[in-house]
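The same chain A turns up in both complexes below, where it pairs with chain B and then with chain C.
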Partner chain A sequence: MKSLNLSRLAFALYLLIFFTYLMGPLLVMSLTAFNSPSFPSASPWECFTFEWFSVLWHDNHIREGIYYSVIIGIGTVVLSVSMGLAASIVLTQIWPRFRSAFYTMIIAPILIPGVVIGISTLVFWDRVGRLLGAGEGSALNGFFHNGLFLTILGQSSFIASYAMLVFVARLQRFDPGLTEAALDLGATHTQAFRKILLPFMRPAIASASVLAFLASFENYNTTTFTIVDYKTLTTVLAQKVRLGIDPSISALAFSIITLTVLAALAVEAFRRHSANRLAARLRGGAAGRLLSGFFRGNVPAVLLVLLSMAVIVTAGVAQRYDPTQCKVAVQAAKKAEIQRRIKALQESRKARESAAPATPAPKAPNANSGAFGNVFAPNNLPGAPGASQTAPAQESPSQKPGNGAFGNVFAPGNLSGASDAPDAAPDSPPARPDNGSGFGNVFDPNNLSGVSGGN
Partner chain B sequence: MGSGVAVNLENVWIKFGDFVAVRDANVSINGGDFFSFLGPSGCGKTTILRAVSGFLSPSQGRVLIGGKDMAGIGPNRRPTALIFQNLALFPLMKVWENITFSMEVKGASAAERRKRADELLDMIALGGQGDKLPSELSGGQKQRVAIARALCASPDVLLLDEPLSALDLKLRQHMRTELRAIQQRVGITFIYITHDQGEALTMSDNVAVMKAGVIDQIGTGRDVYDLPSTAFVASFVGENNMFRGKILRIDGDSAQVDVAGIGPLVGRISPAASAQLDAGDEAMIFIRPEALAPGEGEAGRTLNATVVNEEFEGNAFTVYLDAGGNAEIRMSLANTGQHRIAERGSRMALHFPAGKAVVVPVGELASE
Partner chain C sequence: MKRKIIFADFFRTNGVLMGSILIALVGFWLVFLVILPQISMLDYSFRFNLPPAQQGGPRDVYTLSNYQHLLYGSDATHQTYNTIDLMVFLRTIVAAILVTIFDMILCYPLAYFLGQSRGSGFVRLLVVLLIIPYWINEILRAFALRIIFGDAGMINEVLMFLHLTREPIDFIRQDVALYAGLGYAYILLMLFPMYNVIESLDRNQIEAARDMGASWPRIHRRIVIPHAKPGIASGCTMVFMLSAGALAAPQILGGPSSLWFTQLVYQWFNNSLNWQQGAAYAIVLLVSTIIIVLTFMRIFKVSMGDIGK
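Let's look at the complex of A and B:
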């Protein structure tokens, strides 16, 4: 009995860890979408805000990226589902003898790195274009170097294999006798395909389409080569990360998560609904009124409606909600905090000066709360001449707080080298507020620690 | 009948690589007949059916339907309809859509189809069930839907590939009668494939018995049962007692066979085999269990044996006897209220009427 409880506890713990591992990043990312600091962060919670959704909505790069991603996704779905279906029919019904060889051939694109597929797509269609005599600047040449065209072809070459795997699994349960029966009853081969095989494959076609669309939507490593002068969501995001991100990416992630959950609930609700209806019919009862019947014994449907309502209400609230006041309050709190610290510093300096000016203050140990204990901080390096002597007198705010996860290694004051520290320190406050640095100051410890914001 | 369309197979060979599935089949099926191919599984009977329906083309020979050579004509353009062993009802279509599929592919309107479906549903006693899915029907109902679907195509020839094998015994017996009744009502040619000799005998006008790709005998059920032409047919169709010996004398259509341990037995030579048998040849003589009766008979129609066992089967007793040598004898006696036939271990004389023993050349027996 006791061991049973223990194993149950262990199992619960395992589940907890597992789902934290799965869902944790998504949860944290979703939180950052509603927090006001301009670098995605969840932990110093400042102000609840919807502004990042608005930033996202007005970001033309992302909008264009989504637009092309959808176009490419649709093209890839059409191409890869039809190629996959054809391949699976050949594999299971027409050439069962060459099955294994054909299978290996079809499955190969999945095993080839996407980068290779991307480059080879580019090269191959360039060659094809030349072979067809497409000169520089001609319409045909433009077609074979069109980013959308190349990306759809490049992605389809391996997404079709995924689609085929889905189809083969379904086709293995197809009774070829059904096609024969249709032929026997006078159907042509086309009719037998359209009326018998295709309806049977419909669920597989639906799932392969979803799979293909998602695979296309999230693909980066092939797309980055084939996209040429267009952009997709993934390439835009990759670019953004390189240039500095803001929580509008979190807002995008949150939107995608919400849409996914809604779609999954909708699918499940309708599946449950038709199962219920079939069960009702088998019992011989009437199917019930359309709407009341839809929700009876259908948890996903109820959840779907609740969640949809929550989304609508939130969107409505977001129109009115204004976090300006909160922001002002946060700013004021920050200012006060800084004032307090400066004061504390000044007092401690005064106290030190009056007590024993000759004794070097034990500055490093108490000021450094960084994750790495400031081992990387230049002040701790033995070869930091003058740092210990001059620091007490100068105390630049950029060195002192040291709350950054990297022990301020990226702080501009530290980058400049320990020997210059005394000279650089006085200059750093004026340099900080202007955000002209290549990283948009995302690594600026003043932003991270949030204690020195003077504006 | 005579109103239906005749089917003829002329020197049909069907090979799959080196394997000969059907060897030189010559069959002529009269229009409006209920014709059965009977044989153990793997004997090539389904292959013949597929050649008639057009899913296979013979490696050699011709298939004629209504006197017309079917070479190069696909299954969808032949006047045949096939009822599959697993029925092959379209699982995603409703019953009425299943039934009228043949009209749908020819472009008939939904109203027209619905009307025809209702007629056929009434005929198969499933009125009002047209909107169900096949999965919601019972085995016998599915069976009838498959028949209605085939009949809806108004075929000249209906081909049935062991359609009753999946049903339980009671239903199977019921469907036999029903199939025969439907066939007589619509008057088209039925070609029926089965490994169940009971089905073949009860329903068919004519039966072809097949063994390993070869048709051994074609005839009425009575002919096949009473006058089998080979040892295989004799042992496959119904129960039989086999004795092996040397022909002593041939006297018109009867032969005297000397069976080791029993003595000479007189039997009728199977008409198909009369040319193959001569005095001095090895031969097999077959006597049905129900032809045997206790008691002394004429010379050559009597044998003595020891009772080994006795089984009561309700309508009949089966007595197992040992006649010496390796011949085990079964005797079947109708249950007329007798108490018991004989003491176990006792010696007993059996006799059989003239004409009830059949002499055929030595051949392979059905392995059961």
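Let's look at the complex of A and C:
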């Protein structure tokens, strides 16, 4: 029994690690979308803000990228879904001897690196253009070097394989007898296709289209070669991320995550709804007509409504909310912090010059009063043993530029007065000026020197 | 559907119009989007990088120089090897294999758990949770990891808080971020194929084995893994091919000096404008990854038909 509990615990730990790995980065990124520093970071928390969403909204590159991404997505859906459907029908009818070879050929594009697909598309259509005598500047030349055209072709070549996999799964359950019956009753082949096969395949076509659109929308490896002088959302993003990152990208990611969650909930809610209705019909009751019937026994639907309301309320609040005051306070705190550190540096230098190890230094002005002051820091208690002697030197390592609004109230260095550490004074390093990243150093191990290194 | 049909039968079954449309679509896909582009890239890789005026002229002949460049660099005497590019190539392949193994080990227990415990609300929740990161853009996922692995990122702060390190560790320069990012980007492509095959495994087999006194490792080795082999192979193939061919993650998470092989290809194309050289590098990447995948498939005795199921 004990070993069973242990293995269960180990499995729970494993699940925790797995989902932390999967979700942790996305959660941290979502948090950074609401924090005010212009480098995306979740700690220290400065000001809660919506400004990155408005930066995102007014970013013309991203808007343009989304516009072209949608155009390419639609083109890719049309082309790849029809090619995938055709290939899956051919696969079910092909002579068995050729079947595995044919399957290998239509599955191969999934496995070809996207970079290779992009390059080969670019090279091939460049050559086709030249073969057709499209010289520089002619209309035909422009066509074969058009980024949208090339990207749709390049993406379709492997997205069609994804679509094909969806169709093959559905086609396995199709009864060809239905088509034969329709033909016997005098339908033409086209009619049989349109009236029998197509309705049967409709759910698969819908899911393949969604899959194809999303795959096209988020493709980067192929697109970056074939897009030439256009841009899509992914290429714009890649450029932004490489040149320098800012939280408006986090804001975009957060929006996409929210939309994904909403869509997943909506799908799940309607699935549950139709299942419930089916169950009700089997029981013989009439249910599912009224709105209340929609929510009964349907957790995703309730969550969906709650989440949508939360989004709407947040958007409304965002219109009114103004973090300026908080930002001013943070600015002031930062400025005061820098001033204080300069002072502390001077003090510690003075103390080092004048104080021999044994002579007690005059009680140093406490340099560590952050935005919240240091009311509770032990150094303010004159009775603390050894405090007056070591305070200036002990304070200096914890004085880093860029401590946020939290100051160093919680830094363990503030507790240094409690420990008796006469030798620490000359050895302790001066404040490091290279640390001005604005992230505060609340967790910097140097802050702990008073506790651990002092003796 | 398992009737032997030949070409005429195909048109009899589908009608002339529908049959031609089907053939045309499949033909367009395979010939114009897959086969001919690959052939023309292969052809390109054997040519000199000539200005447009000389193309098709007397100097436009086949050459191996693009491949020689990968081996020997620009050294015309072929005395010294092009160690920089070759090392990048080797590292790309080795790292892609390691990433694949890492993902496989990490995913197997979860795939087994999801596949064998059916129906409960907790499992449904886990599946939904898994799908969400799957639809987030690859670039945004790499971006998320970059925030976390940065100098002042979450991980460094936690490490320093726990006294494990005094200075922030440069994860980006050490390539830790890159490997974590590659594993992160494609982990679900490992999980879902495994999950699909394990789900189809009859539970009674496991219970029978347990009744007969088999230990857990033995059950997995003799029953679950042999059954799940097509799914594992499928997942491994996809993760390996995609991480060897990844471009976004290395560009965003790679250190300044480290290059992924695809980045070399990218540079030849977009910075040096030497398409022929880039095509040669791309061919080398394609051929070597295919050879590696086929070798592993031969070793573990899985067929191509298992991929994508």
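Side notes on the structure shown:
Quick note on the criterion: the second predicted complex is superposed on the first by the 342 of 455 C-alpha atoms of A that agree within 3 Å, B and C clash if a C-alpha of one lies under 4 Å from a C-alpha of the other, contacts with A are read in each partner's own complex, and residues count from 1 in each chain.
Convention: a residue touches a chain if its C-beta (ideal position, glycine included) is under 8 Å from a C-beta of that chain, and two chains touch if they have at least 3 such contacts.
Every value quoted in this text rests on a predicted model; they were computed, and no experiment measured them.
With chain A as the common reference, chain B sits beside chain C without any clash. By the touch criterion defined above, A:L303 reaches neither chain B nor chain C.
Once chain A of one complex is fitted onto chain A of the other, the partner contacts of A:T188 extend to both chain B and chain C. In the superposed model, A:L165 lies in contact with chain C only, and not with chain B.
In the superposition on chain A, the chain among chain B and chain C reaching more residues of chain A is C. Of the two partner chains, chain C is the only one that A:S82 touches; chain B does not reach it. Look at A:F200: by the touch rule set out above, it reaches chain B but stays clear of chain C. When the two structures are aligned on the shared chain, A:A266 is found in touch with neither chain B nor chain C. Of the two partner chains placed around the shared chain by superposition, neither chain B nor chain C is touched by A:L148.
Per the superposed model, the minimal spacing between any CA atom of chain B and any CA atom of chain C is 9 Å.
In the superposition on chain A, the residues of chain A touched by chain B in one structure and by chain C in the other are 188. Within the complex, the chain A residues that touch chain B are 175, 177-178, 180-188, 191, 195-196, 199-200, 281-282. Interface residues of chain A facing chain C in the complex, by the touch rule stated above, are 11, 14-15, 18-19, 21-26, 28-29, 32, 39-43, 82-83, 85-87, 89-90, 92-96, 100, 103-117, 119-124, 127, 136, 153-154, 156-157, 160-161, 165, 176, 188-190, 192-193, 214, 217-218, 220-221, 224-225, 233-234, 237-238, 241-242, 245, 249-250, 252-253, 256-257, 260-261, 264, 268, 437, 439, 443-446, 448. For chain C in complex with chain A, the touching residues are 1-2, 4-6, 10, 13-19, 21-23, 25-26, 28-30, 32-34, 36-38, 40-41, 44, 52, 106, 109-110, 113, 126, 128-133, 135-148, 150-154, 157-158, 160-161, 163, 165-166, 184, 187, 237-238, 241-242, 244-248, 251-252, 262, 265-266, 269, 275, 278-279, 282, 285-286, 289-290, 293, 303-305, 307-308.
Chain B meets chain A in the complex at residues 53-55, 74-77, 80-82, 84, 86, 88, 90-92, 101-102, 104-106, 136, 149-150, 153.
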